[in-house]
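A short worksheet on the structure shown next.
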Amino acid sequence: MRSDGRQFEETRAVTITPNYIKHAEGSVLIEVGETKVICTASIEEKVPPFMKGQGRGWITAEYSMLPRATQVRNQREAAKGKIGGRTMEIQRLIGRALRSVVSLEALGERTITLDCDVIQADGGTRTTSITGSFVALCYAVNKLLQNHKLSKSPITDYLASVSVGIVKNRVCLDLNYEEDSQAKVDMNVVMTGLGKFVEVQGTGEEAPFSREELDALLASAEIGIRSMIDKQKEALGPLTAIVGGNSGAVSGNK
Amino acid sequence: MRSDGRQFEETRAVTITPNYIKHAEGSVLIEVGETKVICTASIEEKVPPFMKGQGRGWITAEYSMLPRATQVRNQREAAKGKIGGRTMEIQRLIGRALRSVVSLEALGERTITLDCDVIQADGGTRTTSITGSFVALCYAVNKLLQNHKLSKSPITDYLASVSVGIVKNRVCLDLNYEEDSQAKVDMNVVMTGLGKFVEVQGTGEEAPFSREELDALLASAEIGIRSMIDKQKEALGPLTAIVGGNSGAVSGNK
Amino acid sequence: MRSDGRQFEETRAVTITPNYIKHAEGSVLIEVGETKVICTASIEEKVPPFMKGQGRGWITAEYSMLPRATQVRNQREAAKGKIGGRTMEIQRLIGRALRSVVSLEALGERTITLDCDVIQADGGTRTTSITGSFVALCYAVNKLLQNHKLSKSPITDYLASVSVGIVKNRVCLDLNYEEDSQAKVDMNVVMTGLGKFVEVQGTGEEAPFSREELDALLASAEIGIRSMIDKQKEALGPLTAIVGGNSGAVSGNK
Amino acid sequence: MRSDGRQFEETRAVTITPNYIKHAEGSVLIEVGETKVICTASIEEKVPPFMKGQGRGWITAEYSMLPRATQVRNQREAAKGKIGGRTMEIQRLIGRALRSVVSLEALGERTITLDCDVIQADGGTRTTSITGSFVALCYAVNKLLQNHKLSKSPITDYLASVSVGIVKNRVCLDLNYEEDSQAKVDMNVVMTGLGKFVEVQGTGEEAPFSREELDALLASAEIGIRSMIDKQKEALGPLTAIVGGNSGAVSGNK
Amino acid sequence: MRSDGRQFEETRAVTITPNYIKHAEGSVLIEVGETKVICTASIEEKVPPFMKGQGRGWITAEYSMLPRATQVRNQREAAKGKIGGRTMEIQRLIGRALRSVVSLEALGERTITLDCDVIQADGGTRTTSITGSFVALCYAVNKLLQNHKLSKSPITDYLASVSVGIVKNRVCLDLNYEEDSQAKVDMNVVMTGLGKFVEVQGTGEEAPFSREELDALLASAEIGIRSMIDKQKEALGPLTAIVGGNSGAVSGNK
Amino acid sequence: MRSDGRQFEETRAVTITPNYIKHAEGSVLIEVGETKVICTASIEEKVPPFMKGQGRGWITAEYSMLPRATQVRNQREAAKGKIGGRTMEIQRLIGRALRSVVSLEALGERTITLDCDVIQADGGTRTTSITGSFVALCYAVNKLLQNHKLSKSPITDYLASVSVGIVKNRVCLDLNYEEDSQAKVDMNVVMTGLGKFVEVQGTGEEAPFSREELDALLASAEIGIRSMIDKQKEALGPLTAIVGGNSGAVSGNK
């Protein structure tokens, strides 16, 4: 058993509170255990300069932690005057992941920016940000549909993410901070509703890992992601229809 | 009557949720109408270099808005690589205000940093930050007392803040965003539990104001601040005892 | 009596040398006691991007101290790579104050930038900058009138500023550096020729202040500002006519 | 067949020129096809502040491209004043990968910095940097052994990296730039001499990938990495002995 | 004749006002024609980290222009967030030049910083800064002698600088801005009281120059520098004694 | 004799490898003794904003050292977040020097950027960069001629550079690092094929120098530059014809 009493293939409790920030086109507060992230989706009717005139849209993401989201206060990146490598890596990952399930052509020349602000951190902030952002994105797209700016949703499939790792020689799903700091191998996986991989990022800085371990980690991740997608569907309720029809498959596969 | 149905000398609804962030020594979520700010107090057992070896402590503050706290998304200061003038002005104000009711000698050589992160903005974010920070500070001081790092509270009085302004030729208390953007005169006032002024910052960029108007603004602010201090006492409950005894006076004055 | 022999309601000697920098459209060297500031007004025939096409002009200010304007050399902000909070606060104040007496519509789509460079500091550098900038601004507007770029002055009233404070329990007008560092309460006031307030910024970081003290500070500030406006009129000589007619009132009120 | 005539599981020609920069403790010019990277290893007899006094060493890496390493000149990061997200991601990856095969305890309190400067880019610059850096690191460790600063090598295994991807529906090993820009799935793999995974980073931004595709990509990567390790051994010659004995296994496995 | 009526080998009028800034250990306002520079010398009883414990002192310089020192307002480097190449080049030149006539050993472990702030520019700001800084440096050294921190002056010789150039095919001494912008060849020369060269910086960007032209430029510069040194002696009056005895030679040579 | 066995007026061995970087319009690896610099010339069909619409082109340069080009690793300027004074000085010098032998009118509205990246440093990196850049520039111009973007070369003359200095009281040509660090006087000279000076930068920080010493330094530099230009001609081979006809003179003069 794990230190917080969970089974090895059990995620933490997940709560998704929609429309958490009134100004945003889409927003949620997502809680995965003690990790809490505010995800907002902001629509702008323009694209970055390098994409102008191509008739395609853009999805991008920013990620930040409040200074006291962590056990020890960490200095603001605004105060340091620059964004750190870890932050950059995470926000590039979030943007890339979300773009994999959006048809940029169908979105049209507009940008949706996902802001993921971690207000309390207890492991898995980047995977939680992806899972929450997807729901915020659906709300924003729904607004575009309601306002007749889009006639058809550009979202092609569900998308969620979890972390997995090897802690004390056992494959564990959805690591909390304590587990994460003891893990020998750490992997973040992003998958679609159809069960395809979008990102697989495994690191064995502490100890290289074998092919068998890799297989076990991927299998555990798949279980977690299915569970996360179910939570997304609950949060979206009738809005689940705005996600591409092929995504029904996963639910059926379960 | 005002656009949201309030009386001219009426504040918006105030909610203070204590211990909102588990890692921080003190924290609250403060909501004043639709303005929502997370205030955390972080204790470090050291002081900035310029204060070393003087046996005195330090109180400082940082302020930020989430990018989508506002109607239109605003760029992160971390992304810009520098902190803007407005942010600097506000965080200097918050720190200065809180220091006015703390005996730095009694605090001893440690720093308490107040982080004020606006998650939703609807006017009055700086005054709400001050009012909320004071409660977070009390929680952090209480932790120092409980851990026997301090034997006596260094907090000498209550402290709260409100905005007042002249909107459509009427003095209004606690402006929301819509009122704030129409105000000809805008004033932020910080007062102690004993009813003394700590900061008076009035600006008539749109229209200079007379001495009579100034007097009316100050009188309205005093009403609002008394009301804010009552809310602080409710949130603090039995912890009200950690604030210096002389502060009972204001409540008595009412 | 005060340490430099002045009465409590007496300003320091004021000297305004017009046309101090040959390239600028308007310029003065203003000396208030030992505080010396070069103020230049630069006209550009364009406005910042956020104001384009509105037919209105813009007034902005920048403030800086030479590294050895102070008793101990302070590092250049250019060398640090960023502008400090105190500088930002001051330059925002100067710009806001000057805009309060200029009709931006009457100015037309052009920008006047006031540069205030403190070459020697002895207290009151921000208030001296405001008082000096107003004169530099008048000179620049005069040039626009002479060149027929404007047919009528957009300046609606005089504008000047002084500091007041409570030093050793006495209200003192126009603090020098020594007094400023001993003051329990410190206030900067900006007023128009008609005797209206534009900015009131009072801070009691060392000791909160009562309503009676606030009243006494404001009264003292008014005396100082009238005296500053008289000095401005002397410096402007026949150019006093370019300031809006209603401003004659103050002089008459004296 | 591939556009440059290679088989699908064939790497490009690899050349490793040792001791390329005379000042560095270790250095190589590594060429993988038309991709050319100078890797230097610099030893400093100190560790970063956060590691002081722990008796452990540190391995870190920096990565950069000359402005004209690419088809279109790209602006220097020094000129932009900040390091981009892609660079940060890559240099974090290189450092992490190399640390996985070094015993920091055995290294002792010193830092080895690997600088990877791409002088010509044609795809696979990050994997080439890892493969080349490992050789430069071996040279630097050899110098420590020769100078009797270390009595035993802290390097526990070989380490190399290749990219794999799915191009026109075929799994291809060691993508050149043209292939990389057409790839639907892109994966970078880092493995040890013993055939264990250190990093697996797969991205399907253009098209999510199935488990079968993932398996095929990993198998292809393993072939490529064995080939790279053989080239490292050739370049190291008698120095191969400084790599931990267990690493002989891979070569034997072939 | 030149556009301002001067002879080809005639400098502009030179005025040196000593003790211009009360806080600085040494200061002058130097005016060469319409070019006006405030030079201050600040003493700190420490040296930069890289010089600690060597028993030697350091002389360094910073240079800046007020935004409206020039015909068109130029943006502050503090606002840009970085110091430009021209400024860096000039401040490195000033520091290097002054160090050539100071015995750093005799100065002892202290730093003298020369700040050169151009308040009005009309050509020759870097040469004027050197000539003025030398006098400010003498005043600061005099203060060290008076306070018995030094028993003997570390200044070994006089030092001054002028510009020369080829304008309309004539060698001209001490170019003003108008001449400078028409010059085909531009040269800045720094010389000692003994007539030795410290810096020769000639640039023929517009037109390469012959050896004969170079000789004529150097001869003209020597005349100008002798004249500048005479002005320095006038300004220093009895303080001329603090400059090394060998420097009497130049004056005698005339 | 010199420490490396050279005569006082002898340069180090010079090797110029053309077309070193495949993507660049022009490129060389230039080696002068142990100093190695990659010079690339990149053509862009636009000019900087301040030059738009004048029908003239622009030549600019950037300079950098790899971190381990030097004996002790130096921190990357990208990591520091700003370009140092020495780098700025050098890149301004390179750009200015090359512009002196290019007719910007004949070049037309395009920019050629010369990137000089020092991969190994042993003295004379800036002079080597100039000599190498000139050849890279010729290659880039040749490409413009071949593509019929230009009908006639805008290069008016050859251009090369060497350093000279006074080491142990002897004038030495082309200093290596060891000599450079012992030199009392240090001079960089840039000359054209016709034997005219483009830049003369002599510094006597350690010891001012006499007119006789200056003359001897210039004579030595001229010998070195002629030798460098011969090497350029060898490297260019038949491309020598693209340099303006008047430059034959130097060769004839020898």
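Here the chain labels run A, B, C, D, E and F in written order, and each chain numbers its own residues starting at 1.
One rule holds in what follows: a contact is a pair of C-beta atoms (placed from the backbone, for glycine too) under 8 Å apart; a residue touches a chain by one contact, two chains touch by 3 or more.
What you are looking at is a predicted structure, and each value in this text was computed from that prediction instead of being measured.
Sharing over half of its contact pairs with D-F by residue number, the repeated interface among E-F, A-B or B-C is A-B.
Centre-to-centre separation between chain A and chain D, using Cα means, comes to 29 Å. In terms of their C-alpha centroids, the spacing between chain B and chain E amounts to 52 Å.
Separating the CA-averaged centres of chain C and chain E is a span of 34 Å. Of all residues in chain C, those touching 2 or more other chains are 81-83, listed in ascending order. All the chains close into one ring, and from chain D toward chain F their sequence is D, F, E, C, B, A.
Interface of chain A with chain D (complex): residues 82-86, 88-89, 91-92, 96, 99-101, 157, 187, 191-192, 194, 196-211, 214, 218. Partner chain F is touched in their complex by these residues of chain D: 21-24, 27, 34, 38, 40, 42, 44, 62, 64, 66-71, 73, 76-83, 87, 113, 115, 117, 119-121.
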